[in-house]
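Below, chain A partners chain B and then partners chain C, in two separate complexes.
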Partner chain A sequence: MNKSVEIGHHTSQQYNHELEDVRNLLLQMGGLVESQLAKALKALLEHDSELGEEVAFSDYKVNQLEVEIDEQCARIIARRQPAASDLRLLLSIIKSITDLERIGDEAEKIARHAIRTNDLNSGKLNASLRHLGDHVREILRESLDAMARMDSPQALRVARSDSQIDQEFDLLSRQLLTHMMEDPRTIQDSLNVTWCARSLERIGDHCKNICEYVIYFVEGKDIRHINLSRQAGKEIAASQTAPETVPQRLPAGLDPDPDSIQS
Partner chain B sequence: MNKSVEIGHHTSQQYNHELEDVRNLLLQMGGLVESQLAKALKALLEHDSELGEEVAFSDYKVNQLEVEIDEQCARIIARRQPAASDLRLLLSIIKSITDLERIGDEAEKIARHAIRTNDLNSGKLNASLRHLGDHVREILRESLDAMARMDSPQALRVARSDSQIDQEFDLLSRQLLTHMMEDPRTIQDSLNVTWCARSLERIGDHCKNICEYVIYFVEGKDIRHINLSRQAGKEIAASQTAPETVPQRLPAGLDPDPDSIQS
Partner chain C sequence: MSFATTSLDTGMTKQPHSSTETAPGNMRRATTAPLDIETVVEELKELPQPVGMPLLDDPKYHTRDVSVFYNETKQAIFNVDLDIGRNEVIAMIGPSGCGKSTYLRCLNRMNDTISGCRVTGELLLDGEDVYARSQDPVLLRARVGMVFQKPNPFPKSIYDNVAYGPRLHGLANNRAELDEIVEDSLTKAGLFKEVKDRLNLPGTGLSGGQQQRLCIARAIAVSPEVILMDEPTSALDPIATGIIEELIDTLRQSFTICIVTHSMQQAARISQRTAYFHMGYLVEVNDTNTVFTNPEHLLTENYITGRFG
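Here is the complex of A and B:
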């Protein structure tokens, strides 16, 4: 069972609406990025340069959403002076949209390669790239889903599975190297595929970051840069079984300074 | 003349210290990242795998600083409920450290390549890589300098010069491609150099992001995703000549909600 995300608990209806709005914009941005990635991969694998161009020229929409969400978050912090979980929510959103925007950038890069890459000339390479692409799309969908539901156990699962993406990327890199050495005429196209694979691997990294922000919001724990160890999983699992004991709290030291409380 | 950065203007000495502390940590993180990059490049160009290992195993220090700064910023926002320029400062720092941390990651990647790469076997490639590396180090130093002095005209200059890095990267990529096609036995090493060049190009992108956050803080303008046009330059130049007309203000809409002012 997940901790509830208490948006809509303020006595000010206006404040509730503001938080809901910014969260909806975040989900909208996530949906847009997901669709950009799906189209970019389709363009690459089906040699559809027109679709590639469509993706490349739509990236500005992702960027607009990033700036809009950033401004709304800053405005809410300035006006509402949120404490505890609301502040964590807003800071998580501010961090997450940077990663979403960069996923959009990577999708654009894949789309630009789709515009120039000819046939991959190798069914095996094509299949490996499709496999990696499908896996990364799945990870992105699960990350967005964890974010939408602020589901920290799912976020932890997804964050941990990023290492599989890295392994698949390494495998594909080795295949590409062999391909290039066997037939140096394929170097240019193989390099294009290599860049696309690298973009996919980076999207996996950004998904992991987003999941870590979800965990920071829900658990009040910053798990970046620590191994996603069993211990982290145990702690999150333990907190899920006793949701009533977990108030909307800030991590140690994030409580308001008694000297500055203005109520 | 630059707008002054009014840290230290609060009646609460403790609050002033908190802002100074977080800014000092930010500069410390910048210095560490700069040194990591310099060492990683030295390790790569001088085939010093021991130095490469030193860099790779020091990345945790950058990560620790990121988490520490993030926590301090969140704590200050929660306790002090900063308005206007203080909030912009804190949000700029929160964004900048993500880029600094990723510059650290790229330096680590270069260091790891330094551990595995043999001789580049080409003086020309080596020279191009050194040139790109020197240029990126310069851009990083100028970005950190703009950040330390919160100097928006310099930040704009640096952000604009990122396109030169992109051009140098393209040139080096073409050289590498020719090198690989001429002698397929060099493919593996050339790919390693390609990855390092790509890391340098990305560091340039992160520097540009940091400069944009400096401009956001000083000018209250979000210039991401708009071309760094002459207009942006003119506006910044105009604001520099009339510093007395620029109060420590938030952009339109960021003023506190009259309903929620608690004083």
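Here is the complex of A and C:
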């Protein structure tokens, strides 16, 4: 089931290399952000302030990559005037790195909480946060995967599963509220947990954006601000049962539809 | 590579093709990646109609099933279906030898002058058969002007270059009217200011860009309805090119313009619709924004991204 859009095969080998290079940088940045998040969560949950320091310090590497990739994209646009899929590739890279950089920032925030907080008192809160963290890491990994393989069905799946993170976050928020009402002494800790959960929830949103850029690149369709859930069932079914010879497309129903636009 | 003449079903069964109906096998999505180009090219023969939006309501030109043969042995273009809209700039792009110039030259019967060239199919200009026996090619070419790659002013004065057509067709009753046509045409072509003091000097003494604008002035002096341009700026520097591109956009108000260009960026800059030809087949016609951001056909994608020569 080969959905990947070819990057190579330009008459100009140099152009192939340039696109390949910038894409590799993007993947490198994705990998870096992923490890930043993993370390930040580890630092938070295992009260490892040293690791937290490391993460907070390393954020500059993410920022550097963002600048470098932006520069390369600008150079390619200026010199090659990319069109069609090449243009969509560069646009989605430029947009993806903004989200990746913000994920890096959120990881840094979590890491700073890890430095400040010596102990999360409640084991229960800790478990909820760990669960949310694992889920978000999973989503990030899958988004980066979809990006690396230019896999639009997976990107769509991941983009849709972001709502689960939102639900989980709401649940955790309610849990924290109960805690704070029951015992005001936990307010400080609970607030810390809230901030971290909030960061994780934001990371989920950024992952969703990245998936949308993958779909834009592969399919040429802009699915931002469209209610994805309505299409959910038949969509996945269609993409899983489609015979391999038929070019896989997003169904026409995913075209922007005024009725389904979320406010 | 040789093509057998394809016998496409060109009768009543032809259905307008819309981009939403996906027919696997005869329409290659740009984003699928088979990259066996020869197979894709083979499939062109089965393509019932160009992908995208080749047909329009109330077009200026209505062309169906147009094929051109040179000396009966070589078929240059195959069953082209295309509508050209009023007051639009349509750009024809494609690799050398793809048939885009040949098609363009059918539109005002310039192919008549090539011996052994035979055109079949239906070409209607405002519903009128371009190839009808009763059609006078000279009058047709007054309605459908042409500008060529190399500026080719007559070896006459600037004034006479522009006045030639109106004189031939008797468009002016007296010298004053003729003066007005000449000034008006030169102004529309953006040349009048530069040459108003030397209208009696030879046109061949102008710079390349000026000569090309003189040729455009000559073409519009007879008030045509359509202007065909065959790579009008490929011999010009970027500044002269820019001036002519700006001019094309202004002329669109009054004329329909078909332009063949090797510069994809030029097609992207100036046209509203773009037609992509490949080895004699019209592959895709779409609005220019679509062609340059999300073309439907793999061959279009490959060409405009520079994936083959």
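A few points about this structure:
Operating definition for what follows: the second predicted complex is superposed on the first by the 227 of 263 C-alpha atoms of A that agree within 3 Å, B and C clash if a C-alpha of one lies under 4 Å from a C-alpha of the other, contacts with A are read in each partner's own complex, and residues count from 1 in each chain.
Here, a residue touches a chain if its C-beta (ideal position, glycine included) is under 8 Å from a C-beta of that chain, and two chains touch if they have at least 3 such contacts.
Note that this is a predicted model, so its numbers are computed, not measured.
After overlaying the two complexes on the shared chain, residue contacts for A:V218 are found with chain C alone; chain B is out of touch. By the document's definition of touching, of the two partners only chain C reaches A:S85; chain B does not.
Contacts of A:E142 after superposition: neither chain B nor chain C is touched. Contacts of A:E168 after superposition on the shared chain: neither chain B nor chain C is touched.
Taking chain A as the reference chain, the count of touched residues is higher for B when chain B and chain C are set side by side. Once the two complexes are overlaid on the shared chain, A:T11 sits against chain C while remaining clear of chain B.
Looking at chain A, you'll find residues 12, 80-81, 83-84, 87-88 touch chain B in one structure and chain C in the other. If you check the complex, the residues on chain C that touch chain A are 20, 22, 24, 28-33, 35, 264-265, 268, 291-295, 300-302, 304-309. Of all residues in chain B, those touching chain A in their complex are 12, 14, 60, 63-64, 66-67, 70-71, 74-75, 77-81, 83-84, 87-88, 91, 94-95, 98, 177, 180-181, 184, 187-188, 191, 194, 198, 222, 224-225, 250-251, 253-257, 259-260, 262-263.
By the touch criterion stated above, chain A contacts chain C in their complex at residues 2-6, 9-12, 15, 80-88, 218-220, 245-249, 252.
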